[in-house]
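Before I ask anything, here is the structure I am working with.
Chain IDs A, B, C and D follow the sequence of writing; residue 1 opens each chain.
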Amino acid sequence: MIFASDNWAGAAREILDAVARANDGLAPSYGGDELSARVEARFCEIFERDVAVFLVATGGAANGLALSVTTPPYGMILCHEESHVQMDECCGPEFFTGGAKLLPIEGFAAKLSPETIAAALKGFPERPPHGAPPRVLSLTQATECGAVYKPGELRALCALAHERGLRVHMDGARFANAVAALDCAPADISWKAGVDVLCFGATKNGCIAAEAVVFFDRDAAADFAFRRKRAGHLWSKQRFIAAQFEAYLKDGLWLRLAARANAMARRLSDGLAAVDGVEIVYPTEANEVFAAMPATMAEALRRAGAVFYPWATPGDPTGGRLHRLIASFRTTEEDVDRLLALARSAA
Amino acid sequence: MIFASDNWAGAAREILDAVARANDGLAPSYGGDELSARVEARFCEIFERDVAVFLVATGGAANGLALSVTTPPYGMILCHEESHVQMDECCGPEFFTGGAKLLPIEGFAAKLSPETIAAALKGFPERPPHGAPPRVLSLTQATECGAVYKPGELRALCALAHERGLRVHMDGARFANAVAALDCAPADISWKAGVDVLCFGATKNGCIAAEAVVFFDRDAAADFAFRRKRAGHLWSKQRFIAAQFEAYLKDGLWLRLAARANAMARRLSDGLAAVDGVEIVYPTEANEVFAAMPATMAEALRRAGAVFYPWATPGDPTGGRLHRLIASFRTTEEDVDRLLALARSAA
Amino acid sequence: MIFASDNWAGAAREILDAVARANDGLAPSYGGDELSARVEARFCEIFERDVAVFLVATGGAANGLALSVTTPPYGMILCHEESHVQMDECCGPEFFTGGAKLLPIEGFAAKLSPETIAAALKGFPERPPHGAPPRVLSLTQATECGAVYKPGELRALCALAHERGLRVHMDGARFANAVAALDCAPADISWKAGVDVLCFGATKNGCIAAEAVVFFDRDAAADFAFRRKRAGHLWSKQRFIAAQFEAYLKDGLWLRLAARANAMARRLSDGLAAVDGVEIVYPTEANEVFAAMPATMAEALRRAGAVFYPWATPGDPTGGRLHRLIASFRTTEEDVDRLLALARSAA
Amino acid sequence: MIFASDNWAGAAREILDAVARANDGLAPSYGGDELSARVEARFCEIFERDVAVFLVATGGAANGLALSVTTPPYGMILCHEESHVQMDECCGPEFFTGGAKLLPIEGFAAKLSPETIAAALKGFPERPPHGAPPRVLSLTQATECGAVYKPGELRALCALAHERGLRVHMDGARFANAVAALDCAPADISWKAGVDVLCFGATKNGCIAAEAVVFFDRDAAADFAFRRKRAGHLWSKQRFIAAQFEAYLKDGLWLRLAARANAMARRLSDGLAAVDGVEIVYPTEANEVFAAMPATMAEALRRAGAVFYPWATPGDPTGGRLHRLIASFRTTEEDVDRLLALARSAA
């Protein structure tokens, strides 16, 4: 009954097999190999567009590096106050950008809206060189609270950003879960909606350590390769990241894994909603469930072996009763049902 | 009728004379001169304590450098959302600290309270190494909205900060105005209240370019000298900053200049409060007046030659009708009365 | 006939198997798993001392992070002018440290000596805060030119560094090759010789992506965890790095792999030395051969399928005829002998 | 008998008077004043070209900021191993650029030559993204060892730099001394020779604190204003720097002050050259004299009240007997002759 994080789940069998296969023979280092080239071409297919792709091992690296080529070091990045870049990367974006400022913005279910963004920008009128000039809007898809932006929502957000001179960064640590949930094309919630650079996560969804930074305008990525190297994020044996992606993107594996996690979260959410004293606080649209429950119930579940964490953020509307439960591609119906049974007896 | 900024006022005569006097003879460079040593001793007297003092030319440098030795590069600085470090230094604190995060917090009149700080911290429980660990509370005295913290308020804020393991930085760009307003000892609103490092401003209050970073614990300043040099903020002819401070701190000049500015702001605030359609939005406790007025009135005043700026911030409670009018040591009663007469006719 | 880099070789079978095994079951993320704890304990055994160990994926990350906790951002790092930190990390050390300075020093075979270090330091007498204060001596073992420091040499270098107030960083990307070559205990060429922090490489010697930063004084590593996270170098599925190390350090695998590579380099070096027109420029003490050869010979070898690179550095004593040939754990006697035969016919 | 530094000399009377005059009336802050605009126009006249000018208070700030817009944070700056940016700014260039690398190069009298630059570059062939790509050549005029580059020398150096894709930064802390020595137009040793950005020093030559960063291509300065603000180097009362420059550049004051200092250095150099046991090590071409003398003589001079410093650098060819004596605009013939008399008696 592990609902602690999708990161606990390890890797899918197909991913491990691909890594082992990639080990046959010698191959050029630092991404000069054929496998890396194939993966780049595959991303162009997936996104129906010529894109520049850079593979790294962690989401923090992907976000930080992507932001570092999107804002100058004195620029401002608008993000949700519960976003990963703001809450969970220990000042990573500030480090990679050389000191850019993050402006945290409120919003239900970790979502931003044109209204909250416009309100935030109102306080920062152009008065160079005093205030940090807003340069980037950072969105997370699916959000840190398990919600999903629809294509139309993204188009409105990106249009506002571009109108104000901001570029749009998308933290897609759970991009696969969003695509699976929306049953749309990857392009629909990325460049077609106005996203400039996407951090396409794969680690949480069955890879070992694999994230791709995807630039929809090749020119915008001009010096990314230098920055990745400088930050120690270019592997000498880069083919081992590429191998993960080759398998991940083959025959829809990535969407099958995500759909599985989403379905388990749905089952969990529906079940919990029916339990006395439990409230589903944010809509369960991807693979995360945010449930408010009595402390006694949370304690009883943990004593019985369930693993999940309280969700403490500046925006918590429940006064400390909020918990996050995450499903992964490895979560089983038995896991879910056992937790639900426990919850019902603790109610 | 210049109410644009105390920075428009130039320098007091005594300050200029001191600079000219400091030019006699040759003197060791980079702060090795006798005048610099005398000024350091004078600060110890003013603050009734052994302090470490470093002189620089701008408030942005003082704040940035002070913060850089107070937080590690991955630490979090709590500040008001309208504070100068957040709104007006173009990512200076992020630059000097090497990437620390500023957490902007709301509050009336640009003031923080134990309640708003505790609420902000609640969203950042200890979970190393994920969230940026809170390390500094930054307060501004007088605040950017012309309010003044009383000694008791500061003691409560600093106690909370220390209890949570944060150190306290005070942006004292208008420290003189606060001391003059409270009629207290400088120590009462600095180290005796719990402030760890104070940026003691003098530029806005009659100097050319003179700010002092005052550490109340000498050990906390250990590597400040290297950081000041690295940032290009050690003058080769450092005695010319020291000369300004010698005059500024002599015979209470600093408090006389500040009291003058405060009195003019008070006269302006009282006069405006009596004008139809004008509302004094924040209490006028130092040398700044924040007045909401109809757009037609603001326009009429500006056409007649008055200079002052709208005050657009994330926290503006007036929906865009808020204006800031600042008095300086050079503001005259005639300036004030002329503006009041114009406001009355525009009402 | 790949002699381009040990990075071309992929991973040893035992390493891949260990990664696959680590995938069984779910495990805490971000290094909170049991396997990570076991590996830390294993490092204490290997080094016969209580050490603090941090696992990352690349040598650039290991070096940069290790240096960032060893020098302040205004400090100076002494290194060889051909060292990896100076030549091959695209300003990584400057990035991670927040702006420290590298002082490149000459020396045969990429080795530093007490004499060259003392000479370099002579130009930087203490005159705070002007010059960047020397804080770290960075050594590479084995060196970038395939030489190995003997324990006595290291003791002399570290003694000089400590005497001058510098700490000692060792870039051990090929530490295994050095231990295998010297047939000594790991402690003999690390902490017993005076090394303060070691970047213990495993990637080049048969891992996928695995490097360990080993602090011999636990206190010196105080904030490493925050810095690793901030830089995006903490994996969410950290156990997959730990798994590589468990296998690498088990039953002497790491030394067997290194000994194999060393032996192949020795065979290659001895063979080439006997070829007319070829000169072995630096002593072949680990797994790298530095050979000066006529351009026609290099061309002939490459046409026949051999892969290796010219070695262009500021210290090249051959005027452009120098080539680097690297052996890995996968290099075979057939590879070597085929290259030698080709060289002889091209002579 | 102060020959310690030109920084000991304080300010010229005309400079102080101009500062006092600038204090009349109120004026827009942060450089929005008329005086600042006039000074910018004056620089265009002086350099016979449309230039972008930014005023700051220190040479370290000027160099650091100029470099920060000239190289990306992962770029390499070629400079002399005794240059101020390398030896005397406590990692300032690394700080301002966000981590660029300085490559120190040898050369007599702190001068670079096409040969030494080409040799240095040879070790850094293009192999992105591994080595830091060379992006800037930094020259000092007059050099830190009192030598002066002739226009033809500069043209050759800049041509080589541009050919290799580098831009040229000139540290002109003693630019006035060089212009006075060469009796050329300022344009001849700046943009006409190929310099891209010049740090035009005035502090050492009679100002209080005044340096100008001059971009000969306006576009290259695009984001300088943000970077200056971020670093705390935009004064709120910026007109007080502008006032210094107005006087400095009026009626040739800057060249008269420099010529005076140069003449005194010449007198000192000629005199010392005739003293037994003294050797003038570098040609005295500006206002600095580098003399090797017996330790007993140096000691005798200091006992008698002379102030000057030993010159310890990596490039010292005298084995520790080298001393630097600097003349300023305030140095008198009596000062010089008294020192010469003492030297003769100590010989």
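Methods note: a residue touches a chain if its C-beta (ideal position, glycine included) is under 8 Å from a C-beta of that chain, and two chains touch if they have at least 3 such contacts.
Not measured: the values here are computed from a predicted model.
Colleague: What are the chains that chain C and chain D both touch?
Modeller: Of all the chains present, those in contact with both chain C and chain D are A, B.
Colleague: Have a look at A-C versus B-C and report the one with more C-beta pairs in contact.
Modeller: Of B-C and A-C, it is A-C that has more C-beta pairs in contact.
Colleague: Measuring between mean CA coordinates, which chain is farthest from chain D?
Modeller: A
Colleague: I'd like the Å distance between the centres of chain A and chain B, where a centre is the mean of that chain's Cα atoms.
Modeller: A distance of 40 Å separates the two centres.
Colleague: Measuring centre to centre with CA averages, how many angstrom lie between chain B and chain C?
Modeller: Inter-chain centre distance comes to 50 Å.
Colleague: For chain A and chain C, let me know how many angstrom lie between their CA-based centres, rounded off.
Modeller: The mean C-alpha positions of chain A and chain C differ by 34 Å.
Colleague: Multi-chain contacts only, two chains or more: what residues does chain C have there?
Modeller: 30, 73-74, 89-91, 95, 98-99, 129-130, 226, 229-230, 234
Colleague: Quick check on the complex: what are the chain B residues that touch chain A?
Modeller: 73-76, 81, 86-91, 94-95, 97-104, 119-120, 122-125, 129-132, 312-316
Colleague: Which residues of chain B touch chain C in the complex?
Modeller: Chain B residues touching chain C: 30, 72-74, 98-99, 128-130, 133, 223, 225-230, 234.
Colleague: Can you tell me which positions in chain B touch chain D when the two form their complex?
Modeller: For chain B paired with chain D, touching residues are 2, 4-5, 7-11, 16, 19-20, 22-30, 56-65, 89-92, 95-96, 203-204, 208-209, 226, 229-237, 239-240, 330.
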